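Common to both upcoming complexes is chain A, partnered first by chain B, then by chain C.
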Partner chain A sequence: MNLRSFRTAAWLGWKIESNWTDPFLFAVYSIIKPLAGAAILVVMYSVITKGDFAAPLFPYIYLGNAFYMYVGAVMTGVSWAIIDDREHYRTLKYMYVAPIRIPLYLIGRAVARFLTGSFSVLITIVFGALFLHVPIEAAQVDWLLFSVSLLMGVVLLALMGLTLAGVTLLLARHSDYLGDAVAGGLYLFSGAVFPLDVLPAWLRPIGYAMPITYWLELLRRSLVGSVAQAFPTLANLSNGQLLAILGGMIALAAVVAVITFRWCDHQARERGYIDRTTNY
Partner chain B sequence: METAIRKNTGWRLFIQTILGRAYPRVVGMSREKSWLFFDIFLPMLSVSAYVFVYRAIGAPEEYIGFVVVGGAMTAFWMNILWSMSSQLYWEKETGNLALYIMSPTNLMAVLLGSLAFKVQYALGSFWQLLLVFFLAMTALYGMGMMTASLFLLLSREAWHIANLAQEPIYLVAGFYFPIKSFNFWVAAAASIIPLTLGLDAMRQLVFPSGPALGFLNVRVEIFILSGLAVLFITAARILLRKMERLAIREGRLTESRR
Partner chain C sequence: MSADYSIETESLGRVYRLRENKKKKGQPHELVALSGINLQVQRGELFGLLGPNGAGKTTLIKILTTLLAPSSGWAKVAGYDVHRETVKVRPLINMVSGGESSGYGLLTVRENLWMFSQFYGMQSAEAYKYIDELLATFGLTDRANTKSADLSTGLRQKMNIIRGFMTGPEVLFLDEPTLGLDVGASRDVRGFVRRWINEDPRRTLLLTTHTMVEADELCDRVAIINRGKVLACDTPAALKHELQQEAIFNLDVSAQNRLEAAHFETLPGVHKVQLTPFDGHSQLQFILAEEAVLSAVVNTLTERDVTILNLTKREPTLEDVFVTLVGRSMAEEEKAGSNGNGH
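And then the complex of A and B:
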């Protein structure tokens, strides 16, 4: 039942995400948005440094921003399904009475966003490597570390999304894409687009407490090790130590996600929130 | 005995519609205040990240001010996209649109009512700044109403188009850097979005180094913004009527291609 819930939800999510237009327009849509997001940072960097793309800070910013797209994509994918099914399609109550596992259904709904997010990340990185001298060389990449880190990150983000989905069960639809809003908020603390040392000392502990910080560091090290180690923030930690920290944090995130979702789900059932429509 | 109901017409009906549409939003927002966290606090953190990017690359302090002003204005753009342009699509999906069309009122008022209390406003004291802000907002909301009329005809693609019009617009309108960073023709083309010139003029008026980084003279920008305000409000009025008629004729008001 678990696998069936996940697989069917993934198929449904893909249909919802992709079949609103023809494949060409969908591809254009999937390219423009991430490239524009990256271009904002490129222009900001270029204006101030007069186009010094060879400095190690540029690939640090560029790659951090590129992989951070996964954060919004996966978290939104999982949590938006609550609002979408409850208030747009008004099918959440039917999902609840169907023989499926709701957490796996929600994670399955995020698969489509993960796939489109992967496309965006890939396009952004290829563009950076081809036109902006981001120093990625296939022979130098630690593919094993990259694959393991990416997989761990996706699991982590799905769990964070599940936590947010639980909270969303109790919230009205004031705004759209809560996952993007939360990802935007965490952007500040994760060291995605600047080293944590730039933050005021009293804010840095938040960054160190966030698993995304270690995940992004691992991805940078796997793709361009020399650049990632040019910044002192996490330089004293080995790859193995970073993986161990990330693994521990994922375990903690799993416990938090399960407890939070169960509690919120129970509250939503008790208060009759499963089939409500808000914010007319 | 029946109670006599006073039936408003003209501008009274317009105002009544705005208040009537805003009412459920205001009540909903005051009942549950999670939006304070998700719509105000978190976006502030997100904008702060751009401040620290400038710090990391050693930018002059006024660039940080540029980000703060640009970041504050993103609230208005998001408001236009999600609470105005795509509003008619959402009304259609939830089944309210047909009721609005049937009622003896104006769609512009419905759109204005849907905006209530969704934005945090930040005004300066300088009269020219106020004028720029007023003109930019008028033109922007006119543009929002105009694009809402197109959304009247769209179905699920409306959602994705609104979603697409975020980062590319932040980029071309210079939300986080001076628009002068682009070449003249790119900046000129981007000026069709009222926030481009509005932001540029506000930055010129607020920051000491603003005029040096400005795209056009503030007076010229005020003149263009005035023209855009008139153009967009007029176009919105015409297009909303046309699109409403077209949507009725083609049976799209109650259509839900999910």
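And then the complex of A and C:
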């Protein structure tokens, strides 16, 4: 029954995500949007470094930015379902009355965003490898490390999304921006667009406390091993150590997610927020 | 034995904390939506909650369907505590609110319904069969593959009602199911509600309404609720029987001078007067302690130069029951409520 409702939630998420009158436009949009994002980054990089695309910083930034798309897709995908169902479709109360596990339902709703997000990431990376000399060679890639890291990252982001979903339950107004705000805030502190060494020393601990930092590093190492050596940030940690740290942080994220969601869920029922709508 | 009750509440209360409002200083910061609710609904009953807007009906339904925590007391549905045992309660219930347009507009009617059947663990084939049956019953067959966004609000509400019945709940909650529906659709819904409850003695249905006729004609038992309190609870016949001693008259009169209800309220034996002015004439409704009081009323009318156009004696209705309990009609009560504690 849990599996069935998860599948159904994923089906609903897909229906909503692909609700374009023209499938062709949907496909074009799915390609254009990530490439446009990457293009902005490439232009900025080119201006700042005067076109030094051979430096290891370029693949570092390019890949960090590409994989960071998962953060918006999965984490906000999970929490967005709360707002969407409560405010837009007015069905959140019916989901709550139904005998489903709400966290599982929310994660199911995000599956579609994970899939379209994966497509965006793939397009961006292929484009980078083909046209921007991002040094990825299939034979050099550590596929096992890549798969394990990617999977761990998805679990991590789903758990973070659940925490965010709990908080969203309690925020009626303007919670639309919460997901974006969190994703945007973490962007600067996760080594996505610049290594943590660039940050002032007193801000770096934030980056080290951020599981996404280790996740992105693992993904970069699995795809382009050489990049990691260029930056001192995490250079003295082995892949195994990075995996262990990430695993520990995921366990912690799971505890935080369960406690936060339960508490917020309880509070939402105390305060009568399950079916509260904001009238703009 | 509490296990025999489908729905049971004891001293159930709910207080809403209102947010600070700088513009309206001096307003209370808490709103008592329900207090001291004791209800026992038997398995197999079609139970009605009758009360004006703001009485607390929706609040009670939200508590019984696990959406809202009570502030005091407890409630059980199908034998389980709705606050502590939500996981046990939810598979056994379902809920529909009228007068709103919920649902996934991008899905077809059939897809919307199928999706919810999956959340209740129904087999797809079996679900489709039942969905199609219900769509036919509610006259929605030709809309089965219409996106629900393209339905009128009335048809959307019917879809929603089907969603409630479809999952085979033991206890079904309908919050103003006919609100916003036209006369024909309301009749269809009432007819189905009655048949559904008669079909299987294990089923229980609680509906709220602020339509007197709906409570009177449809429900096995009715609780009259106002300002968060249950004022009376019995079969419609028994509730009206309380007023058997009283005599209820409708008078159409035409008056030269202004008439006021106050002119009659002081007469001994007049329990309640309601005056409704129309173009050129007025309607007076009297609840009198006994028929003999009528002569005093007629005398007063004559003294005031009032011509009686029409006089009818009628049977008591639930509206009269409400008026005797509260001292004013449901419509008056709604007006008073919205002036007092802000909506």
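Here is the rule we use: the second predicted complex is superposed on the first by the 276 of 280 C-alpha atoms of A that agree within 3 Å, B and C clash if a C-alpha of one lies under 4 Å from a C-alpha of the other, contacts with A are read in each partner's own complex, and residues count from 1 in each chain.
Going forward, a residue touches a chain if its C-beta (ideal position, glycine included) is under 8 Å from a C-beta of that chain, and two chains touch if they have at least 3 such contacts.
Since we're looking at a predicted model, the values are computed, not measured.
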Completion exercise
Comparing chain B and chain C in the superposed model, the one touching more of chain A is B
Exercise for the section: Once the structures are superposed on A, label A:199 by its partner contacts, choosing first (chain B), second (chain C), both or neither. Expected result: first
Problem - First (chain B), second (chain C), both or neither touched by A:240 - result: neither
Exercise for the section: Mind working out whether A:89 is in touch with chain B, chain C, both or neither, as first, second, both or neither? Expected result: both
Practice task
Examine A:41 and indicate which partner it touches, taking first as chain B and second as chain C; both and neither are also allowed.
Solution key: first
Exercise for the section: Using the touch definition from the top, say if A:182 reaches chain B (first), chain C (second), both or neither. Expected result: first
Practice task
Determine, under the contact definition given at the top, whether A:278 touches first (chain B), second (chain C), both, or neither.
Solution key: first
Handout entry: Touched partner set for A:172, first chain B, second chain C, both or neither
Key = first
Handout entry: Interface residues of chain A shared between complexes with chain B and chain C
Key = 89
Handout entry: List of chain A residues in touch with chain C within their complex
Key = 1, 4-5, 7-8, 11-12, 15-16, 19, 89-91, 93-100, 105, 266, 269-272, 274-275
Practice task
Spell out the residues on chain A that touch chain B in their complex, using ranges where they run on.
Solution key: 20-21, 29, 32-34, 36-37, 39-41, 43-49, 57, 61, 87-89, 171-172, 174-178, 181-182, 184-189, 192-195, 198-199, 277-280
Exercise for the section: Please name which positions on chain C make contact with chain A in the complex. Expected result: 16-17, 62, 65-69, 87, 90-91, 93-95, 97, 100-107, 111, 115-116, 118-121, 163
Practice task
Enumerate the contact residues on chain B facing chain A in the complex.
Solution key: 24-25, 28-29, 31-32, 34-35, 38-39, 41-43, 45-46, 48-50, 52-59, 63, 82, 93-94, 96, 155-157, 159-160, 163-164, 166-168, 170-171, 175-178, 181, 258
